[in-house]
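Common to both upcoming complexes is chain A, partnered first by chain B, then by chain C.
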Partner chain A sequence: MDLVFDWFRVLYDETGINLPFIYDGYDRNRMIDGFFTTIWLSVVCLFFSVIIGVIGAWLQGSSFKWTRRIVNGYIQLFRNTPPLVQLYFFYFAIGTVLPKVENDWGGQSPILGSFAWAAISLSFFAGAFNVEIFRSGIEAVPKSTVEAAEALGFSKLQIYRDITMPLAIRVVIPALNNNLVNLVKTTTLAYAIAVPEMLYEANQIWSDNVNVTEMMIFMLLAYFALVGVLVGGMNRWERAMKIPGFG
Partner chain B sequence: MGTRHENSGVWLMTYKTDLPVMLPVTPRSPEPFAGFKPKHIVIIAALVILGPSLAFAQVGAPILTPFAVLLDWMPLLLEGFIFNLVISVSAMALGTAVGAMLGLGQISLLRVTRGTSWFVTQFFRNAPWLVLLFFAMFLLPFEIKIFGLVVPLPDWFKAILGLSLPVMANVSEIVRGAVKSLPSGQWEAAESLAYSRQQTLWLIILPQCVKRMLPPWMNLYSILTMATVLASIVGVSEVMTLTAQALAAEGGRPELLAPFYGFVLLLFFAYCYPIARFTVWLEKKFAVIN
Partner chain C sequence: MKLTSIKTLATALVVSTLAMTAATADVLDTIKERGKLIVGVKADYKPYGFLDSSGAIIGIEPELAKDVADKLGVEIEYVPVVSSNRMQFLEQGKIDLMIATMTDNEDRRKAVNIVDPNYYSSGTNILALKSLGLKEWEDLRGKPVCGIQGAFYNKATSQNYGAEIVAFKGTAEAYSALKAGNCAAFVYDDSAIVAKTNDPEWADYEMPLATIDDAPWGLAVALGEDGFASLMSEMIIDWHKSGRILELETKWGVTNTPFATAMHDKYK
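And now, the complex of A and B:
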């Protein structure tokens, strides 16, 4: 491994192509941390946005007019405003109003850090799209299936959890995957509130080493690869989850 | 086997049975605020912006209320927002022009052209917008020399270039998707009438595609408009940058944050929501019944 690292140092000395995140231990750790922060942020947002989508789709079928109105209002508001402004609104406007807690060094620090706000904001953003996606899946479940479950004595929650959702989730996977890919790309916005994800760490490295060109090209390739692997994996999953005889 | 819906990739299929396991999936377009009247929206917006201001207004009497401060800065912020719109329109125009060519390249008969166009499209579609914006910002020089003539490249121009890259890739996919979605009978009928390939494309295929391309294209424009705030991260003085500067000029009073950022949210919502509604209407109007 060291041999490979040294080779990149030689590459820098010989050609001037500076890739410190490979040969320099400190920068390498920063880059790896950034990579895992991006992954972790994506996973957290994915989890919560799916939950928001499921609950929202359920609430949209509510018989109360105002419940439906509020859910629709949430969807429209989050779909038609820039995610970056949403992030700023959450982080600066709401974050400063919340109470502060004492940190380990005796100082005052906000109750939620930048990572938490990025996760909340991006979850709500992706969730707004997921509600619509799940809703289209639920509508694809025939009424006769739900009626059959009702006849067997399932409760409303049980029908949603055990009958409707398992069927709906399979047909919405392609749309859900599109949204997930968008979500991973949107995590770069967390850069703006100093969440140490991949782009932020790359910025730190190019600020220290003055190798903007190399880092920029590496970033493009890294995201291209990350999204490519994700799309490939999702397509496999999509095929595995396909309802036999449907589509 | 069924066919795939062009935007969402959802499988559509038709079958004949009395008790289907699943109904065909119809991709939903978002509903309007079910029954919300414009007056509701105005009231809610007023609550969002004024609510926090009023709550704080009772605390500090001698200083201006947050709403009054916002009113003072409003002309500047609106100017910044218009700059956002200028960036979005220019990037859209540039991206559409290049993207349309790239899209036609993707359906070219030449293998090399097809492969290259496909790769360029996928590459710029998979990269995050912010990374592409950084790419354009930091790698383009601040001025270029053409035959001894020094042409400066201001940062807003670089922002337009950076934002037009993902637009280009998405337009390319829209064009390809629209052409692919036409039944092959159109091509064959044209061929039997002795149209050349170029004539078929320009006179038969593309005119029919315009209808199919318009809704996703407008969607893309809406996404692009919302992405123009990214330019604030790289220092273009658009509405987000101006908001931050206005807040700094007011001494960073915490009670101002919610009204100011809320106002920016409202600006974008007021612009993008009608576009979204119009897109949904277009989609319904142009819906192709097979």
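And now, the complex of A and C:
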């Protein structure tokens, strides 16, 4: 392994192509940390945004006027504002007015750190789109199917869980796929509030080594590969969920 | 017929290449033609380069830049830069000259033409709550420490003293994160921190550690601009000789630094 690392150091000396995140132990560790932070942030946001989407779409069909209004207000607020502004808003505006807790070094710090705020903010952002995506799926389920379920004595929750949702899921997969891909890419914004994800670490490395070009190329390829894996997984899922004769 | 057209094309190509090299050969000609010197300065680094209440960039470095423009007999335009883009702006020709609190080092000399002698110098220190009672750099081990993206001492602070660097884009974000308690301290240039500790709003904060990495600052022009570089070299010597730097420090409320005093004595 050391041989490989040394080879990249020689590459730098010989050609000027500087990839310190391979040959320099310190830079390598922070790149690896950044990679896992990106994955972890993406997974957390994917999970919660889908949950928000499913629950939001269900509440949208509520018979209470105010429940529907609140869900719509949430969608408008989060869909019509830039995610970077939302991040700053949560971290600098909401974060500073929340109660503080005693920290390890004898001072007072906010109850939530930058990672938590990034996860919350991006989940709500993508969740707003997911609500609309799931609504489109629910509306695509034929009314007669729901009426048939009602006639068989299913409760409202049972219909949503066992009839509408399984059919709706199959309709929305392509749109959901799109939104989740976007979400993974949007996690790069978290670097504005110092979440140590991949782009943040890359920025640190290029600032120390003045190798902007190499890092930019690496970032592009890294995200291409990362999102490629997600898309591949979603496509497999889509095929596995296929019901002959539906959709 | 065909051959002639190829020849004409080739000649045109050579001539245009020559013309292009001639045009980019000396940025001084471009500046004079344009009638304006474009300088990259900091806009968030009090008192070296910051915004006044009307939004104009003022401070020690903008005044130095103005001296250069006056000497060339042209107008001046300030472009605000940050640590992570200042060298790129110079490489891309977005600015002619960069005076942006940049520490001089070998790697940077490969990317831009840093002019000798150095015009200023500063070291690294931290701004932290007095109540934390930090004494040594080692006290930062394992604690989150705010920083600025692109600052060279981030790596050293985390590598040598084990601090977890939380780096932000600009100083405003870093100061507000420090104030909110997201970090135990803010690692930054001592020259800027001194100015902050004099600010009544930051009365609870101090600069408790011994300054490390005292390093000279370099102003820079793009690589290959040797004519402009030698002119700037004369300018810097002149600033040291006439005591202009000391005068500006006093004007902007900075105690005269040992470096500026020593350089003044050297060239006097």
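Keep in mind that, in the parts below, the second predicted complex is superposed on the first by the 246 of 247 C-alpha atoms of A that agree within 3 Å, B and C clash if a C-alpha of one lies under 4 Å from a C-alpha of the other, contacts with A are read in each partner's own complex, and residues count from 1 in each chain.
Heads up, the rule we're going with is that contacts are C-beta pairs under 8 Å (C-beta built on N, C-alpha and C of every residue); 3 or more make two chains touch, one makes a residue touch a chain.
Bear in mind that the values here come from a model prediction, so they are computed numbers and not experimental data.
Asks: Report for A:Ala192: first if it touches chain B alone, second if chain C alone, otherwise both or neither.
Replies: Both partners, chain B and chain C.
Asks: Please indicate which partner A:Gly153 is in contact with in the superposed arrangement: first for chain B, second for chain C, both, or neither.
Replies: A:Gly153 contacts neither chain B nor chain C.
Asks: I'd like to know which partner A:Gly25 touches here: chain B for first, chain C for second, both or neither.
Replies: neither
Asks: Between chain B and chain C, pick out the one touching the greater number of residues of chain A.
Replies: Tallying touched residues of chain A, the top partner is B.
Asks: In the superposed arrangement, does A:Asn103 touch chain B (first), chain C (second), both or neither?
Replies: A:Asn103 sits against chain C, while chain B stays out of touch.
Asks: Can A:Tyr200 be said to touch chain B (first), chain C (second), both, or neither?
Replies: A:Tyr200 sits against chain C, while chain B stays out of touch.
Asks: With both complexes superposed on chain A, which partner does A:Gln76 reach: first (chain B), second (chain C), both or neither?
Replies: The first partner, chain B, only.
Asks: For chain A, which residues lie in the overlap of the chain B contacts and the chain C contacts?
Replies: Touching chain B in the first complex and chain C in the second, residues 92, 96, 192, 212 of chain A appear in both lists.
Asks: Looking at the complex, which residues from chain C come into contact with chain A?
Replies: For this pair, the touching residues of chain C are 83-84, 87-88, 107-108, 110-111, 129, 131-132, 142-143, 146, 149-152, 154-155, 159, 165-169, 173, 176-177, 180-182, 184.
Asks: Would you mind writing out the residues of chain A in touch with chain C in their complex?
Replies: Interface residues on the chain A side: 26, 92, 95-96, 100, 103-110, 113-114, 192-194, 200, 203-204, 206-210, 212.
Asks: In their shared complex, at which residues does chain A touch chain B?
Replies: The contact residues of chain A facing chain B are 65, 68-69, 72-73, 75-77, 79-86, 88-89, 92-94, 96-97, 132, 135-137, 139-142, 144-145, 167, 171-172, 174-175, 177-178, 181, 185-189, 191-192, 199, 212-213, 216, 219-220, 223-224, 227-228, 231, 243, 245-247.
Asks: Enumerate the contact residues on chain B facing chain A in the complex.
Replies: Interface residues on chain B, with respect to chain A: 1-2, 8-11, 13, 19-36, 44, 52, 123, 126-132, 134-135, 138-139, 222, 226-230, 232-233, 240, 254, 257-258, 261-262, 264-265, 268-269, 272-273, 276.
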